[in-house]
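Please go over the structures that come below.
The two complexes that follow have chain A in common; it is paired with chain B in the first and with chain C in the second.
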Partner chain A sequence: MSSSNWTVDFLNQLISAAVTVEQISLPSTTLWQTESNHWQQFAELALQQNMRWVAGWAEHVQDRFFINACFEKQGVYVLLRAIVNAAKPELPSQAIVYPAANRSERHTQDMFGINFIGHPDNRRWTRHKAWPKHSHPLRKDFSVQGTPDEITQPDMDYPFVKAHGTGAYEIPVGPVHAGIIEPGHFRFQAVGELILNLEERLGYVHKGIEKIAEGRSPESLARLAGRVSGDTTVGHAWAACKAMEQAAGIDIPPRAALIRGVLAERERVANHMGDMGAICNDVAFVFAQMQFTRLRELWLRTNATVFGHRLLMDRIIPGGVNCDLSEESCAKIKQDIIQLRKELSEIMSAVDLNSSLEDRLFTAGYLAPELAAAFGTLGYVGRASGQSFDVRKNAPYAPYDQVAFKVPVETQGDIASRFWVRNKEINAALKLIEKFIALLSPGDIISPWKTPVAGSESLGIVEGWRGEIVSYIRFDADNKIARFYPRDPSILNWPVLEKLVLDNIVPDFPVCNKSLNGSYSGSDL
Partner chain B sequence: MSWLIAILQTLLFVALAPLLAGWLKWCKCCLQNRKAPSLFQPYRDLIKLTKKQPVVAGHASWLFTIAPYIIFSATVLAATVVPLIAVDLPTSASADVIVMVGFFAFARFFLALAGLDIGTAFGGMGSSREMTISSLAEPAMLMAIFTLTMTASTTNLSVAISHVLNEGLVLRPSFVFALFALMLVAIAETGRVPVDNPVTHLELTMIHEAMILEYSGRHLALIEWASQLKLMLYGVLVANIFFPWGIAETFSLQTLGLGLLVILGKLAVLAIFLAVSETLVAKMRMFRVQEYLGFAYLLGLLGMLSHIILETSR
Partner chain C sequence: MLRLFKKVLTTGVVTESFKPPKDDELEQLGIEIKRHLDKNFSGSIAIREVDAGSCNGCELEIHALNNPFYDIERFGIHFVASPRHADVLLVTGPVSRHMQTALLRTYEATPNPKWVVAVGDCAVCGGEFGISYASCGAVSNVIPVDVVIPGCPPTPLALMKGLLGLMKG
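Our next item is the complex of A and B:
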């Protein structure tokens, strides 16, 4: 690989900085094992190399904790691991170097009781009041059922950032909202209508996904992964299956890969249409929302007739897919695309010509490209702020390695840009679906499963509709899952919402939030 | 006899307001390619709400519970001033347009207090925004109305409407300006798109709805009804001041019946205009409202100037 040059340079740099790493080859990536006291230093050197912080998680293995962080540069992923003793679990924080690591480290701190020394903000994050103070749910001595109270106590004493001074006031919003959305709390400090500070408090939909994944069979884990975030069911199921297949050393049939591609792109189109409608609705342009909702509904109905599920849940299974595409189905999909293109172009020209809508969306919720880069922002949020990274393009996997397609990038960084990037992604996705269907040739849609060796591990990385999804899987003996960690793109996108609303006014927050549309469920796990 | 008609007219106002809201909703639904609810849905909603037990926050004061009654009564009293189907009624003779604006201000004062009383962030936020907007809307509205009163040399709506009727069909530039100013103000004052969005669920964007978020049951019903009444009042103002033809000048069953039919037609047409404009534009940014209302004030001022320059010299 041409880009492997930087790893050689980087390794030399590490050696000269006296940071020792031991390289272990994994099915999908390279594992670099280092000493826990070099944890932060590694991050500093990685930042100098312009590496992107991707994900962080930990694992309890006997009396030790494996602490992992994943980095990426030029489409090459590096998995960094440090092992600390459970008796005194601590290591220097990477969040000082990479702000993107902040909440992830707090999650690890809450779930494992690992202390990140020098963390800039070590308040609890995933921990609310659902489990006792000194217990850590992802440690092995914590039972799956836990010991929950009859009624979970309200989380009253979270230390929010305070604002002082005359005229500054606080607006608490949520976790229960008036619309049909997920729960999350937003704390505003405002002067008049101007937002001085916004603080997010998530974790209200913590479902214990990581804990209940332990001990599952591959099929059962694929189902669980499909429920990490309901709107990204294809993306997460694919990432998890990809990780499991790599760990087990299975290649999926080409036909299955193409069908997976069709599923993922259909999910992208449906969600983008829903989002574009919702953005219009938030500025009271209901007409566009009704049209987008109608088109999305027709799209989902085709999903139901062709694939048997409106949201395409459980279509991707370990080894392949469980739904084949007949000739009629392909014809129906192609017909739908022609119809959708026609209707979308009519709606988009109406939207484009509406100056009142333009007035609301342009310049609002501006995210500077530098900030987007610093936080490792993904998907359409990143791409509207100059971050072109797309797993399908930068680290291609089947079936995306067989086709040419465009990844839209803009640098305008405002709500309008995030709206139009979605539109461009819909057009690219429609073309991709057509190409995948054209490439379909008869064959199997599933490969037989092979039980992986105990301890085999892998990273499944795919581009979901919100952006890069990273799924870490490690197998135990007897085909059982030892550890599953899904990193939804929302985990990296949520923090930039706090930044992009600054200097906007309070009534513009909902549309800023909708333009980002992070998943609560995907980030709370 | 005339008192009886005045009372009947007010009752008609109160009874027809939800129908206008239903018609407006119907038009909007059609324009948005949606299946519309029945025209009588607002009545059903009001009945449903009155049957429900109102839930009042523990720390709400007496002000919170009496505010809906005050708001509703003040709006009904404002309705007595406005000629709906007939002019020369004793209620409209005893009070003028300034009194009507006063009733609106009175109702708004209590609504804002109720928003603050409950102590939630949204209530206070809504009250603050409502007051900001009303402080800009009221001068614009008075300016539009003064233009009219200068033509008719009276602040009494009934007399002014009679004056317009007697003059016959004359194109007055001042009236055109005043009409547009009043329509802009009406949209702001009744909380319609593009100033406020009455159907939103997003608390942070609300103005009117933010103040009444904590209301439920019959309290909410009264406030909703009062807003529907206010919408109709503004509709009737626009319709009867600028297009008064058809209103009953004598009290016979025939003229009154005709008056009712004509005003229903006029309101229906106005509602279609409102529905079209609400479908065509997105809600404006909060800080654009001052420009919008500043423009309304300017139109009112231009109306008055054109009256002085073009119409009084004769």
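Our next item is the complex of A and C:
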């Protein structure tokens, strides 16, 4: 990896463009502080450098707002910050430059009342009707309880994009869907069966996670992080704990890192199996659905026997893990993997030879690599459209820095590709679990906690099963959390669903959606 | 196709047998209305699942009820796509304020007699999220609840027992 040479070039470029940045070193990354009026210009120069827009969030500190954006290139993360006065909180939008920043800025606009000048679409996003337009939940003068109405009214007058013309019609779907899935609203414009436009309207499961995080202890924050998105409990808990540990200056024991690796890869395998079954089910290939749900169940049962929880919630705690792996457990895990490999190869060859499945999945829901790059698409969705980025590989952290492994990348960009990339990721994950177990040597599984200095902040970045997870933490005095912002990969992946369904038929929407499988909860917070 | 059949045949039937929950277990599950249910349903119930703000963990385990190990349909319990076809609403999550009206409307759309099962710690008591500007907390703060199945998330076994408790023993 060509280290961080590009940051030097980029800084010089910034200087010649008269964009001033002050560099402040943080435990995990470098903080670049800039003037708010340079916010957009920075993004323009960053785009020229091919930097990826990663995340954006704000924080209310006394009478000012800290506005943050995170960028990445070649595995090096840069945290950009501008400070604006709370009396007139505004700065130029980055969403014009990076479409990935679009919804994030709308969230910040709703939650803080910060105006992103020139934003291409400044309609409300997270706000429905639970709080009024001119009040902002993440400001310090807004109480956790707020002043909600007895019954919160539905958000009936959201200005959806309209379609006109003969034969064009609308299909509103949700928030309560027909299946056992999370709530959200999809507005289709169609002609005949063809989808002309899709607009997503999320925010239904907004639970105030960022607000209720404030004032928590590290243990309590880890529990909350583990519930940002229930299918990614390991990923989010790990990212949040990593951020807290870095802020506190704690190194976790090597054994704990290996066990975290096993947990994260087990989570990946479980979710991929569930999704692969569901994708097949959405095109009425029930054989695969039954087989995959059966294998997933066996996998979760081993989670329960070995780790004490089927979905692995609350196993990662600040400083390490609370579950050790006995010799017997390791043997069980290894045995399971041998069996799973055998079964998967039988099932996948049956799946591969099935022409009806091929008919439905090939070319459907195509996401062009250029579009995936422009939106900063992550995880298996990105990797099926040529985006190879994987935190485990590009910005390696323990235990991934000790092992060799493959990150599968394809450029086919369709549902079939997102299906097969998952299969390859399962195989890679199984190998990783075996390697981590082989590396285990006796030792502690938790490091003693140290209360961080008030104001310490850090970014915890890990590769969850859906892709890169970014967790920002800042501590107050007395071991209390001042700010927690978790950026689930879904936040960047949801927008491309609106693109990849175009020119597909309405009945293929469920399988298109499943092939992406964004988290509603992780995105609504 | 041959490979497919071979796999089906070699997999065999993995579905497990379950005993209906005992009286003390029913009490634990908070089922007080079983008698009425016994009267109203003869052997089958239709369930509409509503995620009213969950983290999606509960949904994963509810899904598992349809896998071949639990295969809950064999007990006459099936999931339907509309509240208008449902006897029972299975509600997860703390009720987010943004879902409050949707939940109320779903409840209204369910024909009488109807029962509400609150699934998971969040639905039972607000869980990790509690009551806030964004969350109404427990489901019972929004609609009447008949049965609670605690757990974070409840295992398929706990769900199974809770639901079988609704049916004739």
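Operating definition for what follows: the second predicted complex is superposed on the first by the 523 of 525 C-alpha atoms of A that agree within 3 Å, B and C clash if a C-alpha of one lies under 4 Å from a C-alpha of the other, contacts with A are read in each partner's own complex, and residues count from 1 in each chain.
Criterion: a residue touches a chain if its C-beta (ideal position, glycine included) is under 8 Å from a C-beta of that chain, and two chains touch if they have at least 3 such contacts.
This one's a predicted model, so the numbers in the text were calculated from it and none came from an experiment.
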First, second, both or neither for A:145, with chain B first and chain C second: second
Chain B versus chain C as contact partner of A:510, first or second or both or neither: first
Residues of chain A touched, compared between chain B and chain C (which is higher): C
Contacts of A:282 with chain B and chain C, given as first, second, both or neither: first
Touched partner set for A:446, first chain B, second chain C, both or neither: neither
First (chain B), second (chain C), both or neither touched by A:291: both
Touched partner set for A:354, first chain B, second chain C, both or neither: both
Touching partner for A:175 - first (chain B), second (chain C), both, neither: second
Which superposed partner A:346 touches (first chain B, second chain C, both, neither): second
Which superposed partner A:76 touches (first chain B, second chain C, both, neither): neither
Intersection of chain A interface sets (partners chain B, chain C): 178-179, 287, 290-291, 294, 354
Chain B contact footprint on chain A (complex, rising order): 169-173, 177-179, 193, 280, 282-287, 290-291, 294, 354, 356-357, 359-360, 364, 505-510
Complex contact set, residues of chain A against chain C: 128-131, 137, 142-148, 151-155, 175-176, 178-183, 203-209, 211-212, 223-224, 227-231, 233, 274, 287, 290-291, 293-294, 296-297, 300, 304, 310-311, 313, 346-347, 349-350, 353-354, 519-521, 524
Complex contact set, residues of chain C against chain A: 1, 3-4, 6-8, 11, 14, 49-64, 66-69, 79, 81-83, 93-94, 96-102, 104, 106, 127-135, 152-153, 155
Complex contact set, residues of chain B against chain A: 28, 31-34, 121-122, 124-125, 193-194, 197, 199-205, 279-288
